[in-house]
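One structure, as structure tokens, below. Some questions next.
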Amino acid sequence: MSGIVVQNIQRADQSVIDGLAECGVATVHEAQGRKGLLADYLRPIYAGARIAGSAVTILAPPCDNWMLHVAIEQLQPGDILLLGTTSPSNAGYFGDLLATSAQARGCRGLVIDAGVRDIRDLTDMQFPVWSKHVFAQGTIKETVGSVNVPVICADALVNAGDVIVADDDGVCVVRRQEAAEVLEKARTREANEAAKRARFEAGELGLDIYDMRARLAEKGLKYV
Amino acid sequence: MSGIVVQNIQRADQSVIDGLAECGVATVHEAQGRKGLLADYLRPIYAGARIAGSAVTILAPPCDNWMLHVAIEQLQPGDILLLGTTSPSNAGYFGDLLATSAQARGCRGLVIDAGVRDIRDLTDMQFPVWSKHVFAQGTIKETVGSVNVPVICADALVNAGDVIVADDDGVCVVRRQEAAEVLEKARTREANEAAKRARFEAGELGLDIYDMRARLAEKGLKYV
Amino acid sequence: MSGIVVQNIQRADQSVIDGLAECGVATVHEAQGRKGLLADYLRPIYAGARIAGSAVTILAPPCDNWMLHVAIEQLQPGDILLLGTTSPSNAGYFGDLLATSAQARGCRGLVIDAGVRDIRDLTDMQFPVWSKHVFAQGTIKETVGSVNVPVICADALVNAGDVIVADDDGVCVVRRQEAAEVLEKARTREANEAAKRARFEAGELGLDIYDMRARLAEKGLKYV
Amino acid sequence: MSGIVVQNIQRADQSVIDGLAECGVATVHEAQGRKGLLADYLRPIYAGARIAGSAVTILAPPCDNWMLHVAIEQLQPGDILLLGTTSPSNAGYFGDLLATSAQARGCRGLVIDAGVRDIRDLTDMQFPVWSKHVFAQGTIKETVGSVNVPVICADALVNAGDVIVADDDGVCVVRRQEAAEVLEKARTREANEAAKRARFEAGELGLDIYDMRARLAEKGLKYV
Amino acid sequence: MSGIVVQNIQRADQSVIDGLAECGVATVHEAQGRKGLLADYLRPIYAGARIAGSAVTILAPPCDNWMLHVAIEQLQPGDILLLGTTSPSNAGYFGDLLATSAQARGCRGLVIDAGVRDIRDLTDMQFPVWSKHVFAQGTIKETVGSVNVPVICADALVNAGDVIVADDDGVCVVRRQEAAEVLEKARTREANEAAKRARFEAGELGLDIYDMRARLAEKGLKYV
Amino acid sequence: MSGIVVQNIQRADQSVIDGLAECGVATVHEAQGRKGLLADYLRPIYAGARIAGSAVTILAPPCDNWMLHVAIEQLQPGDILLLGTTSPSNAGYFGDLLATSAQARGCRGLVIDAGVRDIRDLTDMQFPVWSKHVFAQGTIKETVGSVNVPVICADALVNAGDVIVADDDGVCVVRRQEAAEVLEKARTREANEAAKRARFEAGELGLDIYDMRARLAEKGLKYV
């Protein structure tokens, strides 16, 4: 699967994608049955970003960032770059020049199972990145990889066009075909939580709101 | 010791607790003889919080956050929730709804040897958390644990009612019975440090302030 | 090499040092042939600092911060303290009092392959630190080490008087003798990048700017 | 995809599978274009085992080993159990009783992205396991997962019926459809290596065998 | 609690201790309700040892092994040395001379939340050690710690006289007062497992032996 | 310093080197003042090897093993290959073919701050390797590095011709110029230890052999 660029990928509906961004990672993950999280070692380079977009996937060799240039040509406004490697690397694949290029194409951010650099500039540009490492180590451009093939990134499988949701809690992938249904469930969950939040603020206990006392007693919980 | 909720716990004097918060983790840790620190993998979800409170302890099964609901009922204003697990887990046991509930009961924060989520909301609420992981992974409510029993959390033993101090440097536990004495020593230390700080600001050297030169020479230090 | 303080060290030209600070870690690292980075586990205690200075090096025993006092006497304005240990330690070797002393001597920051504490105070003082750990654990003053000898710090060899550059991307060392030449190359690189940035902002692709298409095809990249 | 047991899976030819076992992980990985390795944190519980088999895949909840019993029913002689989790866990999912059951069904070994226990017994039985952890921590049987669905295990995607090769170097997956072709390439590679080995044993250098000297000079290598 | 040596500690019955060794870590851990395991980073220096003994506990400063000499005087035949530190250290606290001394006093092994060295000699002597690190780094003898006080070791609390069980699966602590009862339950468990093992060997499935099929269906498991 | 092969290096006396091998890592490390250890993450691929030799050093790019072929030509009988990388890599740089070549030139083993593979074959050949990783991941041959320049390997600086000592405890470097003196001290230390060992075997305590009781009392140790 190396050396291939898939040019025509399908994307989910933009309004669905934007809705998923509003819901955030934790809610979307719950709404789709507690699946789809990327590993928790992916951390944002600055706090406060919350985005969603269609994945333009990259499978890159270790310490070689050539495919990022190839992938940027495939971007459409609203997309997110997502990079996995064929072998682990902490090198800094991505910096302010590539971010400038990606942002000029309408890219919303980067998820990378490797390193990133120039994070002060990226922060100033408000170009969010979720990465495994922050490291200035330069890369080479010697070996081709692939773009828009299925990629393992931070322990999760991501297909080109899947929806990526990312915020301070981490990163979640939603299958393109399931995005609309997941959004609907996430909205329902949010509505439900809003009602619950009001009761919690008023001092009600989860033990009562969720009617847990009998089941806890049955499981053997004893108050002493 | 599983399946038990201890309802009446003793707490240290509130003024002592508040004094310890003012002193901060490093000073309190020194004042009690360099003991009581929890492991340094516990990190705050946002910078700048400095709190102290009585520990309401939770011993929870892996990936199961049921006991948090039970513990919240045991909170008194000024308390801190502290959760250890019976087996390691990076799941997100705690999010904005539980924080809303805990905050409504006067809880000052959470120390958790596992994962937390909704950290943007928690930051907005100014509900501080020190955790091992940030991860959106959901939990279940299937198995009972215990509340207000002694708990190992991040390599330290914490009893219900012990004083927890937490700030950007990490988390420290002070035995309830020793809290007043530790505060006194911490205050003395602070006064001593204030005097030292003025001399350092004026450019004096620690070598002279602490009279170290002779002892260094005796230990064989040579200037070349 | 233990028990020695080298008093007269050579430093690079201050204007060269200040120039390297402006260029930042990623550019300097590239300009000197992709070498000189310290390990990526060194992280800044707060975001946004970008400094350079001459290294006053410290080789310290585990959990013993005595040599920091010795080293501070050797500081000249514009210097950076850099500490390696003879055995790994996560203890908090450095806090606000030592920072006050170092800052009074004109020190620009600390790079430490161990722990630091009082990070709220250090942040308030704007005294930047790049460390392996944040931990309040106190240290002792029992064993002598050395000052201004060559030190391994975070996988890199640093000589006294080498230039240290540090920012949000991490830490880089430049040999004193090569500093002027590295700065020149870094400036050239910056000028070159500015031109490229304008083209990227205008939407040009790296594939075209760097003329990559033919070479990619030759390496077997296929568009499907 | 949770709660599903796929009963009829296709397997590669047994002679192909056995051939891949003889070639071993490093050769097979090279023969298929340097892909397919599972993460290097998977380690064998004892040295010297070298196996291959068809994957019966398991997607299991954290700390819950119920699905192993379900999967064992799906085993055919020569198969290998392969378990990924929906959330990280170091618990000991598998021990001597389950190994006895699996071995009775002709299972050749287990690859598990979690913990294993009873390793003295497993060693005595010569039932090889490649695991992320060795830990005696018990598991529960509360939540269903799936069997013979695609699973992410140690950063690799494995489909039911893919061929797993495992030895002291780690674990490699070969797509079922590619197994015969990969074996052919691996055999060629082995033959080629045997010839090379004889020359190396006779003291010839790789520089000469592979005719590297001119290309090294061209890349700028200098002898001093 | 620093600077104290408790001389008279109570021990469990020797026949109980020896019985627990026969049962092994996994069985004992299960028999006492899945508690008592030390963290899985403790690994044996060689395979095949299985021991139990009364804990002579040591609380030691980082990189300082003085207290081991003190503790060895407190050993009785059949005891196990168990060392926790007041701050993490990977130094080699224990080698062949200390092992000779401990073995001469009847000590059965060492559990250490730090480093060990001379492991070839220790293997030749058949003196088993479970440690966090193998590292030759020497230690000093400058600071007193304590012996036979409660110690946190690898995330578990151990009291002097508690029973330590250790084998290839790791290390487990059994409270002295509960040792006899735990042994009884472990024996029952072993008997039960022997019966099960015979059925598994005969090819019966856990699904049938444990009567799981109905409950699985009820939880929604589907065969396709 | 990249792209250079230093051909004439000085080596320590062979009898000194062989003497250091007999003493082993822990003794040599102590004899030279507790310095020179490489990081403890370097582990032997099989137990029981104890070697010493002159370092032929390699500075290699990430995931590129070309320089190993270059280095093997520089080997003399009794040498040890030692490889550091310019950027971290877990790839398998070295396997049975390279080992065959190195062994044919009289090489005693390899120390590598990266990955190794074919470890079953290497074990059969009794070619010992101390590595950071065991991983089958293949490497490329695209970029030149250097041979026999100073190299940082596992946190230690090694010069070509320095003596490397390696056994089950890890790896230690001795400066070539200090090797004879270190051997002498190591021999003295061994003689001293032999006398001590006899007393320990006879049941004498370190407290008495080293006359520690008074100093412990002075430091405040209390028996209760």
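All chains are identified by letter, namely A, B, C, D, E and F, in their written order; residue positions are counted from 1 within each chain.
Rule of thumb we're sticking to: a residue touches a chain if its C-beta (ideal position, glycine included) is under 8 Å from a C-beta of that chain, and two chains touch if they have at least 3 such contacts.
Quick caveat: nothing in here was measured; it's all calculated off a predicted structure.
Common partners of chain E and chain F, by the touch rule above, are C, D. Mostly differing positions are employed by chain D and chain E in their mutual contact, as under half of the interface residue numbers are shared between these two copies. As a whole-number value, the distance joining the C-alpha centres of chain A and chain D reads 29 Å.
Distance between chain centres (mean CA atoms), chain A to chain F: 43 Å.
For chain F, residues touching at least two other chains, in rising order: 34, 90, 137, 143. Of all possible chain pairs, those that touch are A-B, A-C, A-D, A-F, B-C, B-D, B-E, C-E, C-F, D-E, D-F, E-F. Interface residues of chain F facing chain E in the complex, by the touch rule stated above, are 24-26, 29-30, 34, 37, 40, 43, 47-48, 50, 167-170, 172, 193, 196-197, 200-207, 210, 212, 216, 219-224.
Residue ranges of chain E in contact with chain C, taken from their complex: 61-63, 87-91, 137, 140, 142-143. By the touch rule above, chain E contacts chain F in their complex via residues 3-7, 46, 66, 68-70, 72-73, 90, 92, 95-98, 100-101, 104-105, 115, 117-120, 123, 133-138, 141, 143-144. Residue ranges on chain D touching chain A, taken from their complex, read 1-2, 33-35, 86, 150, 152, 155-157.
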